[in-house]
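Below you'll find a set of structures to go through.
You will see two complexes here that share chain A, one where it goes with chain B and one where it goes with chain C.
Then we have the complex of A and B:
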C-alpha cells in the first residue's frame, strides 16, 4: 500500500516532507501523465497558505499552488504573467495546473516559469529547518534538475512590482491550444524620460534551461530609443546571435534559432528601436 | 479510502490515493460516460466538473479530491440545463460518433456557467481542450450559441 498524505497546514506538510519520501502534488497535471503506481503523494492542493496572491512594498507574492486560472482571474497578477498563463494548454488543465508545479517540474518549456525568469523573480523555499529566498536562475541546475532539497517545498514566487508594464510575450507552438512551446520569449523594457533604464529578456524551450543574459541586456541601459536604434541594436542582436545555441528537439535547432532572433528583433522594433 | 460527492451522492472509494479519477469512476463506480481517450490531458474526453470547474479526470489523483464534488454526464443529464444543450446539439446535428460529447457537454456547461452570453471566440476558447474528430467543431460552436439563446435564464 502506497502512503499518501493530506496535510491541513503548510507546517504539517513540511513535517511530513522532512521524514517521508513523498512527491509533492499541487495540480497533478504533469505528475499524472506518468501515473506512477508506486507514487506516494503529499497533497498540497487544498493548502490555503499556498494559494494566495498578495503584495507588499516590493513584490507581488504568488502562492506556489495558485492555479493558472486563479492567476488569470486575479486583480493583482501582472499582465505579463496573465499573457503567458492564458496560453497554457486549455481551460481544464489551467483549472488544475499550478505555477509551483510548472517551476518545480524543471522543464525549460514551462511557460509561467519563463515570465518569472524574465522578471528576475525570486522563489521562497521553505522546510521545517527554515526558509531561503533565491533568484529563480539559481533554482534551475539543468533539464529536470532543480536545487529543491528533499525536505523543501516551494511556497511563493516573488515578482518585482515595478517595471513590468511595458512587456512583450510570445509563445510559438504548433497550435493555439494544447501546444507545447517550440520557442517562447518574454521581455520587459522600462523607459523613463525617453531613456531605457532597464531591459530584461528570457528565451524558453530552446535549451536545457531558460536563457537569461543580463550582461547582454545591459548594453541597452542608459540609451535613448534613438541611440539604441542607431548605435546599439545591431551589436546587441549580434551578441545574442552568438549567445543563443538552441538544441534540437522535435524541431530543428536552426528553426529555433531563427525564431528566437526574429522575436528579439520584434521586441526591439515594437518599442521603436 | 477517499470520500467525495459524486453526482449528488456521498461516495467512498476504496482505491489508492494515487489512482486516476478517470479509472476510479469507470471501474469502481461504473460511470462509463467518462471516456478514456489519451490519459495525458490532450483530448478532453474524460472531462468532469470538479467543484464547479472543468478538469480532465485522467490528470486528477483520487486522493486530491477528498471532500470535493464531482459531476459527470450521468449526473448532469438530470438538469434543465442539460435538456437545453441536448436540444441545441440535436438541432444542428452537432453529434456524430459521440465519443467526445460527454466531455463536450460538460465543457459547454462550464462556458455558460461563467458567461451566459459567450461570443464565438469565447466558445471556441472554452472547448479548446476538447477534441472532436468528426464534426469540425462548427456545429458544436453553433449548438452552444443556440443553447445560450434558447436557454436564457437557465445560466
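Then we have the complex of A and C:
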C-alpha cells in the first residue's frame, strides 16, 4: 500500500523527511510513470514556501516547487530560463512539473537544470538540521545520483542576477512537443566596454551529467571580441572538441557531438566572435 | 458540397465524450481471471524445457497442449501457432499464458518461470533470408527488349522501415465459456476473422463461437489479424480454466510483439531511350517476419502499384516476402502501397534530374488518364483527376516557383519542397471481394419504425457507425436517430467482411444503400421487416486473376497529390515542416468532418513514417524502440500548417458517390517529404524514414 503525506508547512515536511524514507513528490510528472507501491510519497504541493519567485541584491530566488508554467508567467524569471521551460513537454506537463523535480530527478537531460548549470546557480537545501547552499555542479554526482540527503529537500534555486541578458539557448528534441532533449546547449556571454568579462556554457543530454567547463570558458575572459575571434576561438573550440565525449543513447554519439560543436560555434559567431 | 456530406454529430460522440463508452478492459465478469503471455526471449531457439514454479490454487499455465482444436491461428495461411510448438521463431513468440485471479500473482509466476533454450542462429536481415514465403511476378510488354535497346539504364535501391500503428488502446481480449459455447470480445477490426480463427483453435463448430467487437481505440490495420491470435490464446485459456479470462497488453508488449508495417527494399531498373522512359524492371522485397500472417496480400498490393501512377508499356515486377526471425509484420494503413509508392516516386525524381527536368514535369508526362491500362492490364475506368489536383496544390503552395528557388542554397537554414502523386486501390485486391468475402448485410425495420443496421464492420474511430447510418437514414428519408447501429456481434450480424482495405464504406455502405432502397419500396408501417443484400461485382470490372496478375485489381481508385515544404537547420540537422498540403479524391465524402479528420490524421501518420518513426532490431532480434518515448510519432505541433482539401469526383458505383478513403492519406507522404529534403539538401535520397541523423550524415558528407 502506498503511504502518502500531505504536509502544509515546510517545517512539517522536513520533520516527516527526517523521520521516514519518503520520496518527495512535487509535480509528480517523472514519478507517476514509474509508480512504486512500496514507496511513501511526501507531497509538496501545499507548501507555499516553495512556490515563490523573489529577488534580493544578488539572486533571483526560485522556489523549488514552482511549476514551469509559473516560471513562464513570472516577471522576475530571466528570459534564458523562460526560453528553456517553454519548450518542456506540453502545457499539461508544464502546469504540473516543477524546477525542483527537474533538478532532483538527476537527469542530464533536464531542460531547466541546464540553465541553472549555465548560470552557475546555487541550490539551497534544507533539513530539520539546518540548511546548506551549494553550487548546482556539486549537487550532481552521476546519472540519477545527487547529493541530496535522505532528510533534505531542495528549497530554492539561487540564480545570480548578473550577465543573464545576453544568452543563447537551443534544445534539440525528436519533435516539437513532448520530446526529451537529445542535445541541449545554453550559453551566456557578458561583454563590457568591448571586452568579454564572462562566458559560461553548458551542454545537456550528452553525458552522465551536464557538461560545464568554466576552465575552458575562462579562455575568453578579458579578451576583446576581435581578440577572441582571432586568437582564441579555434583553440577554445578544439578544447571543447576534446572535452565533449557524448554517450550513445537513443541517438548516436556522433550526431550529438556534431550538434554540440555546431551550436558552440554558432554561440560564438552570433556574438561576432 | 453534396447534401450527404454535411457533417453531423457522430453516433458514438456522446458515449466517448462522456467516458461511458466501454472498452474491453472496462468489462469485469464474475470469477474472471487475468492472463499474461510468456513471450520468447530468443529470436530462434529450441525449447529444451520449461521449469514452472508451484502454482497456487486457481492459477493455470496454458500452452500448446491445451489447444483443443488445431494449434494454428487461421489468418491467410495457418502457420502462426496459437502457442509455440518446440521452437521459437522470434523474440516475442508466445510460449504460454499464465492465468489466475490476481494479476500481480500472475506476473510473479510469469517471472519465476524458467525457459531453457537451445539457441539457434536467427536470420534477422531480410537480405540474408533463406525462406521465401511468397513470390509473385507479372509483366507487360517486353522488358528485356526495352533494357537491351535502352540508351541508359538507371538502377537504384530504396529502403523503408517498420512503422508501428501506435493506436491509443493496446490489444485486449476477453473470452468466456458458457452453455457449451465460447464468447470472445475485444478490441478488433474484423469479428468474423476472429470467429473463424477461434472455432478452429477450439475445434468448435462455428455456431458455438460468438465474437463481439468492443469499442475500439484505434486499429490502423494493427487489429486486423493480430486479434485473431490473441483471441485464440485467450479462448484456449478460458476453455481450460472454464472461467472468463481477460488479457490486456501493456504498451511495451504491444509495441514489441504485435504486427507492424513491413520494412522493404525495392530495386528499380529503368530503361530510357531517346529521352523516354521505355520500361521499369522492379524487384520488391518485404520482410515478413517469422510467420506469414497477411504478407501475401500486403505484397500483392505493393506490387500492383509498384509503377505508381505512370503509364509504362514495358513493365516487369517481381516481389518476395521473406521470412526472418523477427516480429511478424502485417497490416498498417496503406498495406504495402506506401513502400512501393515511396520507391517509384523517388525513382521518378531521380530520373528527372538525370534528364534535366523537374520531377513534376517528368511525372506529368507519364501520368495515367481515364481509359489507360493499369499495371495488370485492367483499366482506369473513371476520370483521373491528377491534372487538376496538381494545379490546385501548385496554387496553394506556389510549388513550381519554390522548387526553382530552393536549388543551390547555402546558409544555416535551407528550404525544400516536394510533391507526390499517388492512388489507393479501393477495396480488396483482386477478386477477393467476389470469391472470398461475399459480403452480406441486413437491415431490420422494427415495428416502432426504427431501423437497425446489421453488418460486421467495426467503428474503430473512422466514423463508420455515423456514415453507415447516414446512408440508411438519407436513403429512407428518416431522421438519423431512428437508425440504430451497435458494435458488431456475430450472433446478430451477417458476415459483411472485415474492416480493412478502405472497403467498408464503399462496398458495405453500397450494400446498405441498396438494402435501404429496397426497404423504402417495401416499407410497411408498424411491421418488422428484414432486408438482406449480397455483394455483386460491378459489371464494368475486368475479372482479376491472382495467378496471372491480370485484370482489374480494384474497381476504382482514390487519388491524391501531396506537397510538403521543409526547412532544414544545418547546425542541428533537424527539419521544420513549413507546410503540408494534400488534396484528396475519395469520391463524395459521406461526412465532410469525418473525411477531413481521416485525411489529416493519415497524412500526419505518413509524415511520421517519412521523418521520425524509427524502429529497429538489435543483434539479438529485440526491438528496443518499444515505448512512446523511444518510438517518436508526430504531434500537432510538428505540422501546424497541415492543409487538406477534398475534390469532388463522384464514383458512380459507390453509395452517394463515395469510394475508399481511410488509407489514402498515408500513402504518399513519405515521397513528398523526402523529395523536399532532397530539394533542401541538393542530393538524392533513398530511404524513409529520413531522420535528423540521416540529414547529419548528408551534411557531414558521409552520404553521396
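Just so we're on the same page, the second predicted complex is superposed on the first by the 271 of 273 C-alpha atoms of A that agree within 3 Å, B and C clash if a C-alpha of one lies under 4 Å from a C-alpha of the other, contacts with A are read in each partner's own complex, and residues count from 1 in each chain.
Basically, a residue touches a chain if its C-beta (ideal position, glycine included) is under 8 Å from a C-beta of that chain, and two chains touch if they have at least 3 such contacts.
Computed from a prediction, not measured in an experiment: that's the story for all the values here.
Engineer: Looking only at chain A, is it chain B or chain C that touches more of its residues?
Structural biologist: B
Engineer: Determine, under the contact definition given at the top, whether A:72 touches first (chain B), second (chain C), both, or neither.
Structural biologist: neither
Engineer: Regarding the shared-chain residue A:137, is it in contact with chain B (first), chain C (second), both, or neither?
Structural biologist: Neither: A:137 stays clear of chain B and chain C.
Engineer: According to the stated criteria, A:176 is in contact with first (chain B), second (chain C), both, or neither; which is it?
Structural biologist: both
Engineer: Would you sort A:207 into first (chain B), second (chain C), both or neither based on which partner it touches?
Structural biologist: neither
Engineer: Between chain B (first) and chain C (second), which, if any, makes contact with A:105: first, second, both or neither?
Structural biologist: Once the two structures are laid over each other on A, A:105 reaches no partner at all.
Engineer: With the two structures laid over each other on chain A, which partner does A:255 touch: chain B (first), chain C (second), both, or neither?
Structural biologist: second
Engineer: Figure out whether A:128 sits in contact with chain B (first) or chain C (second), or with both, or with neither.
Structural biologist: After superposition on chain A, A:128 lies in contact with neither partner.
Engineer: Given the touch rule stated above, what does A:266 touch, chain B (first), chain C (second), both, or neither?
Structural biologist: A:266: touches chain C, not chain B.
Engineer: Considering only the touch criterion stated at the top, classify A:224 as touching first (chain B), second (chain C), both, or neither.
Structural biologist: The answer is neither, since A:224 touches no partner chain.
Engineer: Name the residues of chain A shared by its contacts with chain B and its contacts with chain C.
Structural biologist: 90, 176-178.
Engineer: Name, in rising order, each residue of chain C that touches chain A in their complex.
Structural biologist: 412, 570-574, 612, 629-630, 632, 634-638, 692-693, 696, 700
Engineer: Write out the stretch or stretches of chain A touching chain B in their complex.
Structural biologist: Spelled out, the residues of chain A in touch with chain B are 1-2, 4, 6, 25, 28-29, 31-33, 35-37, 39-41, 43, 45-46, 69, 89-93, 95-96, 176-178.
Engineer: Inside the complex, what are the residues of chain A that reach chain C?
Structural biologist: Spelled out, the residues of chain A in touch with chain C are 90, 170, 172, 174-180, 183, 250-252, 254-255, 258-259, 262-263, 266.
Engineer: Under the stated contact criterion, what part of chain B meets chain A in this complex?
Structural biologist: Residue list for chain B touching chain A: 16-18, 20, 39-42, 44, 47, 50, 53-56, 58-61, 63-64, 66, 107, 110, 125-126, 128-130.
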